[in-house]
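As written, the chains take the letters A, B, C and D, and residue 1 is the first residue of each chain.
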């Protein structure tokens, strides 16, 4: 073998060795199971963590108790007489005493979508109103079905909330974008909130099936207008009296496309709201001024992908009841300053 | 014909029989496996939107440089929001189509005014790279009307889909080629 | 003529091949460069992009800024797609040039193709035999490589990212038992589990006064070996039955000491295959309940390697009055309600411990604290300190500890206005905030295998061990306090397993061969030493001003120390081997021998 | 494989879940706007499937014709280029018979999986052809072989002993490919296909580098993938040994010129053997006996070692990895979550169900590992047997297992040149 041939062989060996090394290196680096993630830049990542984090100083409430539910998928909650806790879901309504012991249940024909219990001032206190997608069923506390109320023009009907006043019952319809007004016997008296420029009513914007109505101590209704990130106050006749709320991911605003998803009103007029996306429950004054946070995403949606809003209710003790659908329980919150 | 030639011929015959038997065996086995379930339907890869977590692996693990997976919009599920969280960044400065407000890094979503207060959003397929950012935004706050699908004009239908292997949610499966999409559909209007 | 034509063809083709090869190399280099650039420089991560965005967030109404941002954004988007297109065209260019190069090269090779001129072969050499012989060896080599690879995989088989020591088999004993959903729930419902929370509601952490009355952990209420009661028996004798209220057999062996809450005495026992928890009635000695600890994933089926001196149930249990907790050498951790209902159980994984896991448990408020030091060296980063919610077993916090395996039990003290969890290991004595795992301070004081637990008195933490020194550390430091807060050191009478006992005035050390050494707690220095001439494993305890010392043979000594020396007040005999520390209650002492649990006190009859 | 698993999952999903509320929520009632329809591009028409099969069939026929009948290297070259263009660059190299091994294996072990008939043909046809004509599929039809064939420009001789030993790797790869397909863990042969990224002119950088490194090595070591890794090549090699009309080098009488041996880039041509000495023969007999005795031991030992690989084998399956991860997270052995564990937790699937699946894979992996080990024992024993049994050859012959019928040697063979009339043989030159 002459020198040139030898040099050639060395070159070839080196090239082959380099090729083998490169091949092995690349095989080792292949991430076929995707564990290294997508390797896209940070501009391609959707980040809500900054907004999900809540300053602990803002949280003005502490969890006092938990009422476990034996339900697969609880959907809605209401507080009844003597602070009893009523939860609907799994095609049933479950009744609990204030301390959480279960006292009874009512079977339903379909999945409930909203729930309310009549208070002391009502003609028959303790009546349970359950909305099932397109109609309302009325039960006595012992489970006897009293009436079934149909909604006019039920094609687009999607009932999402019921509020019971002393003489009237209000049913929010996310499909028709208005609140139906009934008397206690189920007679339809009219509707509230239809877009009407002459009465200066902008109309409800409800892009997703969360649309809540609640009665307030001042005699006005509080209706969430989620698409506008507002809470609006209507008279029972349908006049828009006031509205408040602003959009924004920051804690004092209503986040995302459409919030608040649920609301509840204390006897002193303060409003508790529940939001989806950044799952948080907050307290606003009767004037709409942000007060503090009841509970934030860390507790309600530890994983960012869990975004459904929990239904909320308040009781006469000044406590907030949050329906945690994932953990299937009711979390009871007490204001820290009142402890 | 002498003894040796006879023996050779016998051997050749034996060999031929064996080969023919082997060929028939291979053919028969393949046929048996192929007709076993009677499923002669061609299958293609698709991803199940209800399992998808929009992790972004679709954008980069496809064997194609420009992934076969792109975003699809279900018009019948959309809320037609003014503030669409699949279109706008989490804290937009204003609700207009200015680049500073848009979520999509490649600007692949178009926003058009329909009527007060509704806006319609459409995906520009050419620009979409399937990163799923808008899907996350829509799922977090909205109705989940934006979702990812394998686009069959691009998909090479690999024997083992590289994205399927890398999918953390194991959302990929094979579907019949005659019905190759797993579309999200809400109730139609009216 | 042919020759020259071939030559021309060769020349032409060779040049073409070279040019195409050059193009190919350039194309590949560009592709690699582009790839690297794409990795390194995402257009959207350009500084101008983020700075403009930040500026816009500051001045959301600045229209000019918006316009500028939009222009930049458009350019960057274009750049993004340009890069993608570049890769595509680069690849096409590379493939085309590769094809051209191959074609030209082939033509060139063909133009010069000559039949090879092989050298003559030696017909007599059996080359077939030669190469097949070598090939057999080579096959053997490949076989060897495969076996090595298989062995490597088998040995390193394990969970990625968890020290590589667990696999699914550890979690799911095929078919034996479905893993408890509790583990999953604990994560799904991080703030609490539901059923558990209901218990937790009517169950506040025990009050300090309740804890002080009980003997809830190794070495008593605060883990310092100090009895809250002065009226305990001084004399007993197993032979005569004098001073023995009752005596009950303990089914399985265990080197853990009894813990007492109210009328219940808890013990654990284990052998190679079984792990059990026992509850005795404090008054009658009746075995109230016993439970086998369920193997929860990834509890290992194989028994851990332990020394006989350690055993499978060396860690002492802990209780908070609601539940009793036990941990075993295989890392199984279980909680039972004091009434005897299993509450939760989990496995912390087989501790990698050369003698067997021995650190005892303790409860602080609503947290169960577990010092799980393991691994032969601190580099392995396997040692952990965990805090679990007593109600659910959920891990509330855990920190990695920079130490190898150790056998000492931590204590919770209150000093410098804060709760401190004091841990001792090689070489660090570390103080943590018990509620969060945040480190307060650490001191480099100890060497080798650390058995004795830390002691505490009058603002100072005392640690000691054979092969190292007795160190008195002022417990009000921050960060590494080795140089600043070690007040004094002592070298004599270092203990091997017996923990130090500290008072305001004295620090006592007891060696395994029976030398009791007394130091001046304030200034350091040995005051006196007394040889008890028998072997010890149990830690000394203090009742009033007297020390109780129990030797391995079961003989006990009651001594009254002074600054000058000590006076032997009384002696007792258990009649069986004893390596555990006594639990002191009102008028009673509970002491575990090798096979029995004794209640010592005024006999009723 | 996942396919079956996925479809099973889908059935369960349909059975248990109710449509989420949001899907029943109606879109706005526009006064004057029609909802657009979402148009999706259709899947590739089935016609192309026939076309691909036709290309495969015609290619095989042409390659066989040129290799065995016409003995034309040029013809083979044309077929090579055409098949590389169509099956490789145009169709992206999928589906190929190499990858089809896994589909067949999955179909054998997973009763719920029906082998697509096109895959059955792609897998079976080259096998049958090889049984009669040798590896003509490798010669020109297989796109992976074709691209390597084209770059084999300056082949060096790999010593035969090394060649034989490295050839074992293909059997390892075959075994692993079959085992992982059978347990439903992965199609590793497809996952690490070195040329698929080149055929598609893009894809992950790692795969491109892998392909490039094979091409660069392939310039000097002829067909490195085919010879040392290709699992399908391993099967074809075995079948080719018993082929009836395998390509021959000298059309008539071999003149022992050694030219073909020098010319073969793949080291497939064996020289004539010399007569053995008596001593060697005795030694050979003893060795043969030893190998025959050792063979069952190899198989048993392989099984024993292989079943111990249960853990690592199972870990290739995503369900096992996921289950381990979820457990490890729940007992605090690892901190944080991964995309996969988070996806699992949000999916609502129970851990018990995941455990059941993972445990099933784990249990299967015992046998999978065992059989893989036994297979390796058999392969190594068989190779030793092959290397121990002495064959007799009077002339230069291709080794039927390694020869891919590329036809390069034809041009060099003086007898062939004479037969084709390229040269006139004169007694003087001979």
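Criterion: a contact is a pair of C-beta atoms (placed from the backbone, for glycine too) under 8 Å apart; a residue touches a chain by one contact, two chains touch by 3 or more.
This is a predicted model, so every value here is computed, not measured.
Chains making contact with chain B as well as with chain C: A, D. Of the two chain pairs examined here, C-D and A-D, the one linked by more C-beta pairs in contact is C-D.
Look at where the CA atoms of chain C average out and do the same for chain D: the two points lie 46 Å apart.
The mean-CA centres of chain A and chain D are about 54 angstrom from one another, to the nearest whole unit. Chain A and chain B have CA centres that are 32 Å apart. Inter-chain centre distance (chain B to chain D, centres taken as mean C-alpha positions): 26 Å.
Contacts with at least two other chains are made by residues 53, 55, 57, 61, 65, 79-80, 105, 143, 162, 165, 168 of chain B. Annotation for chain D: residues 22, 24-26, 29, 186, 191, 202, 204-205, 207, 212, 318, 321, 338-340, 342, 345-346 touch two or more other chains.
Contacts with at least two other chains are made by residues 32-34, 37, 43-44, 208, 305 of chain A. With chains as nodes and touching pairs as edges, the resulting graph is complete, every pair of chains being joined.
Residue ranges on chain D touching chain A, taken from their complex, read 18, 21-22, 24-26, 29, 154, 156, 186, 191-192, 194, 204-207, 209-210, 212-214, 216-217, 219-221, 318, 321, 337-340, 342, 345-346.
Within the complex, the chain C residues that touch chain B are 44, 53, 56-57, 60, 66, 69-70, 73-74, 77, 80-81, 84, 87-88. Of all the residues in chain B, the ones that touch chain C in their complex are 65-66, 93-94, 98-100, 105-107, 127.
Those residues of chain B that touch chain A in the complex are listed here as 53-57, 59-61, 79-85, 90-91, 103, 105, 117, 131, 133, 136-137, 139-143, 162-163, 165-168.
The touching residues of chain B, counted against chain D in their complex, run 15-16, 18-19, 22-23, 26-27, 29-31, 33-40, 42-44, 48, 50-51, 53, 55, 57, 61-65, 72-80, 114-115, 118, 120, 122, 143-144, 149, 151-160, 162, 164-165, 168-170, 172-174, 177-178, 180-181, 183-190.
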